Amino acid sequence: MTKYSFFNDYSEGAHPDLLAVLARTNLDQEDGYGKDSLCQQAEALIREKLGSPQAAVHFVSGGTQANQIVLAALLRPYESVIAAVTAHIAVHESGAIEATGHKINTVPSQDGKLRPEQVQAVVDEHTDEHMVKPRVVFISNSTEVGTIYRRDELLALAQVCRANGLYLYLDGARLGCGLMSAESDVQFSDLCTALDAFYIGGTKNGALIGEAIILQNPQLQAGFRHHLKQRGALLAKGRLIGSQFLGLFERDLYFQLARRANAAAGRLAAGIKAAGYPFLTHSTTNQIFPILPDALIERLQALYGFYVWARVRPGFSAVRLVTSWATPDEKVDEFLEDLRRLGA
Amino acid sequence: MTKYSFFNDYSEGAHPDLLAVLARTNLDQEDGYGKDSLCQQAEALIREKLGSPQAAVHFVSGGTQANQIVLAALLRPYESVIAAVTAHIAVHESGAIEATGHKINTVPSQDGKLRPEQVQAVVDEHTDEHMVKPRVVFISNSTEVGTIYRRDELLALAQVCRANGLYLYLDGARLGCGLMSAESDVQFSDLCTALDAFYIGGTKNGALIGEAIILQNPQLQAGFRHHLKQRGALLAKGRLIGSQFLGLFERDLYFQLARRANAAAGRLAAGIKAAGYPFLTHSTTNQIFPILPDALIERLQALYGFYVWARVRPGFSAVRLVTSWATPDEKVDEFLEDLRRLGA
Amino acid sequence: MTKYSFFNDYSEGAHPDLLAVLARTNLDQEDGYGKDSLCQQAEALIREKLGSPQAAVHFVSGGTQANQIVLAALLRPYESVIAAVTAHIAVHESGAIEATGHKINTVPSQDGKLRPEQVQAVVDEHTDEHMVKPRVVFISNSTEVGTIYRRDELLALAQVCRANGLYLYLDGARLGCGLMSAESDVQFSDLCTALDAFYIGGTKNGALIGEAIILQNPQLQAGFRHHLKQRGALLAKGRLIGSQFLGLFERDLYFQLARRANAAAGRLAAGIKAAGYPFLTHSTTNQIFPILPDALIERLQALYGFYVWARVRPGFSAVRLVTSWATPDEKVDEFLEDLRRLGA
Amino acid sequence: MTKYSFFNDYSEGAHPDLLAVLARTNLDQEDGYGKDSLCQQAEALIREKLGSPQAAVHFVSGGTQANQIVLAALLRPYESVIAAVTAHIAVHESGAIEATGHKINTVPSQDGKLRPEQVQAVVDEHTDEHMVKPRVVFISNSTEVGTIYRRDELLALAQVCRANGLYLYLDGARLGCGLMSAESDVQFSDLCTALDAFYIGGTKNGALIGEAIILQNPQLQAGFRHHLKQRGALLAKGRLIGSQFLGLFERDLYFQLARRANAAAGRLAAGIKAAGYPFLTHSTTNQIFPILPDALIERLQALYGFYVWARVRPGFSAVRLVTSWATPDEKVDEFLEDLRRLGA
């Protein structure tokens, strides 16, 4: 039994306010498959917050499902998606994208981000029918290594996409933390300007379950409920996810929870930095990657849950520490104390 | 606003006991992706109730997902599944099975059930490599039209499957109601004797979400978590489904809720029969299909929610009325009163 | 060793004129993958004969490949194809269409043909996202049971397709025999009026190998070489198929060979009819289905190769006799003599 | 009009001996779909030459088709194939492998070859169900850049595969040239010792069409004709490919043609080396990659057909020159003369 788990941001159930919505609406009879009043209210609310009346909103149960269905819906059989070699779809979805028939063209990335010139290079290489045809650019914000896109970076990617007939799609598993980063200048409503499609992650930001897929580009909206049903994503009790998103956006809880997660990570990072340790990436979100001596890592693992991320050099590895809306300051401070004590 | 909805058995949230498990465990830190203690307890409990220590138990979010993943896992690319023409996979899953590359060989059925001789006939027709090779037999209990399999019928199907090297799979979206039917002689533990794989439906029997896939045949168990992940079915907060099944099986709530749903349907059917109307199928479960004059149907639809199922003859259609654990006797009685009044 | 095989119309190699084109061009250096001068000439010639300058022409090696690639190219993931229950894609392609992810909606047919009202009925049944969305109508001419479509029948199907936003696709494995039937009033150029896409079968009409896919509808033409490559259909030596179609259409050999095949079948059918036997279908093409006593069939099978097609009633079965451009009149007459002798 | 094309080794039709087999057998009536006597003789002959009575032999029309079908047959849905980043399947098959649902795990390679330690590293990285499970190792011989595997290298790969439960598959599009390289010590019969499956390329070694798939591992043989049919690879006139392979192996023509192609490339390479130009890879087969000044390349392209392969450094690129059994020495000498003249 460890003192605390920094393994991930989905170790707890849901924020109590979201359980309250569930309880409050539990015995109301509602329509099935996402046509209930809770989903409808949540969809309207999200469109309003995004400032995009044209956006189509669909709720699904998880991020891999969201990525798989959106990409399969956007691509013709011979088309591919461009992504960083570190992208979740490229590594940690057990081939879910390929299972729908599509290649991922990966490009190198140290910080988990894609650059416009990398996108252009992939497009330029794919010249004829012996090769796949890139059609979608996949990015994450925050990325798999805690970094974020700034507004001008997003718009530059959007520009290279439009110039080449590509769609720009953003995996928002940790969108809240990405947007609430102290260094972010991206507004929620900027997303609809820059992106053709994205999803707003609920599971890793306080919801019991659920992600909200946003199809901003009207050309991508037709037939999407068919795609959802065919991939097993249309929940009979869609109300469950609708209620979570209603709770998350009613009083901007979504952004508050992300800020709390980022603050906990910031407190943790500051302490680790003060103790003299460097970091693998420049993270201002709720995942941080300090580089620690392997012996210290081993001692810490006896007390705390977290993943060893990558061997950096002999005797030193980067670990991943993840905080959430539920992470108490005391646990952060306790970790820092143990770090100092054990690292001495 | 109608008086009451008989549209389906997933109009409400969850049985209050299941919300209570959620609330009780909400802030415990748990492992992700179904490796949490709630899932583990639920799995052990289900194996115990089934009397099958060897069974592998996996939780997923819905029935289409369960069917799609199990069938894709059982079949090689050129293999097919045999099902009744009324089967959920054949009609109401938007081609989810074909989307994984497999043909469904449908056979005629009035009562939603498959017979061993039909299975044998399909096998006999598929003789060479110009045709698919049938490998799985798909059945439902209760079926899509409310009927049930008796124990000897299940065992006869199992026998024809084994004789032909086929797997027998059961869609248990409404397994509780099937087993709790007054006419059923199938024990919960019989399932592991007759079937290679099945799922226990939670969504339509009181859970907020979730189905429990049972892989009884050890040959089918390897790699299944890979299949789940690849199809987007491995929930980060798998604990959500684990907690539902823990609540459902801790004190046999699963069976009690099914009995309540069947009892409500029985009360409804008895009243309709007494009013002189015939039925499309012989249902002893929570879906009944009375045949009513179209004019009466129209008047009833102004007051109650339900689907018109099929035109039976000019001026008469079968409707589908579905009850659940949450259906109050007063609503049943109110419907019967309105039926008599409006049908007079 | 039998006297002669009526098993099929691909028992021989190629018409000698087509081998001559191969030999004549054998050592010319040509571009690969269908960009050679032989393919280009053949494409231009076919467009000219069809009277359709806009048609895209692509060569592939076989009929299943043609059907699979065209249908996969026309359909989005959740869309389906409507076909007769006897259709080649529904029965004899080992699930090739489903392997690309698509359901086939089959409708009953005695004569292998589809009717507009059947198409409309399937469309009308598929109302929401719980079901696939029909998008293509698949027909064959001649059909799998030797029958043909008349011009008004094709146009009526085209009309119901256009009215419902469906594509009309024709499998022309035996298109030559279909068009050259004495009862056909369909001109070669009518095909481009009625159909969105089809293929002209070479393998079963004298070619060593090859089918010519015609994409008449310009909306279907983009990216098709990508589809071909991705499904393994772009032959490095595409010239092989180009040369066959050049030979077939240079001096209308394609139509002459079909007429010869039909004439041989007609001679055979007339003799069988004169001997007093009925037929399963009304065929005026190169596949005929006489109904014979089982005992006679057995005796004939000792001397000739042919398939028993279907048990018609106790003691009597329909057999399939297929002729080709290569069937000598003497073999037909010899069969008829044996039929009379053995049937006496 | 250029003087000569060094674009590829499939610019001509077939070796005249292979056309002769076609002509000789043209009007014999044969069974369809690869069950003819020509295929049967060719299969037996290949098994004999391989010294492997247990090997299953199947003929298909092209290399992409062979790769796609074999890999799809070997893999379960979540399994992947390991290949060099330069592999044909990774770059030049338009996503054919992904179209069957499988990820390719690519590893860096300068010389087109895979090393056992690279295979082991990929296996070691793929630890759980969030990632695909590598199951097949894909290699080519000769490789896409003209290099070859030596016997000990093949056996070392076989060993790492067996130790990790992987299958070893070889793409033999240019197997003849690989085996006939002056530096090769691999015997034809060694293939069955080292490999689970491979294909013998005909198209690029003198055949009009066709590749012979060899399934050496008995576990991989079941159901393969179903796989072929389902992917559109079972040619009605399979005799066409059978006759080519009969001609290729009857008097060891296969190996003679490969030696001739290699000799032409060797003559070309020697002349280019003598003229002072370096090479991108160490090729002893029929594809060579000299590095030339861009200005010279441009002048040569006015006279000869060939591809520019890769920019090596500013002002210099590697080109690909391919020879075949049909390449006359005079054309090689003419090219060398022009190279000296234009490069002066």
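Points worth noting:
Per-chain numbering from 1; labels A, B, C and D assigned in written order.
The rule is short, and it goes like this: contacts are C-beta pairs under 8 Å (C-beta built on N, C-alpha and C of every residue); 3 or more make two chains touch, one makes a residue touch a chain.
Protein names from UniProt, one per chain: A, B, C, D = Amino acid lyase.
Everything numeric here is computed off the predicted structure, so don't read it as measured data.
For the self-contact between chain A and chain B, the two sides draw on mostly identical residue numbers; the shared fraction is above half.
Among the other chains, C has the CA centre that is most remote from the centre of chain A. One finds 42 Å separating the Cα centroids of chain B and chain C.
Each chain gets one centre point, the mean of its Cα atoms, and the points for chain A and chain B are 34 Å apart. Inter-chain centre distance (chain B to chain D, centres taken as mean C-alpha positions): 51 Å. Shared contact sites, meaning residues of chain A that touch two or more other chains, fall at 77-78, 93-95, 99-101, 129-130, 132, 226, 229-230, 234. Chain contact summary for the complex, chain C toward chain A: residues 33, 72-73, 76-78, 100-101, 129-130, 132-133, 223, 225-230, 234. Of all residues in chain A, only 77-78, 80, 91-95, 98-104, 129-132 touch chain D in the complex they form.
Chain A makes touch with chain B in their complex at residues 4-5, 7-8, 10-14, 16, 19, 22-23, 25-32, 61-66, 68-69, 93-96, 99, 203-204, 208-209, 226, 229-237, 239-240, 305, 326.
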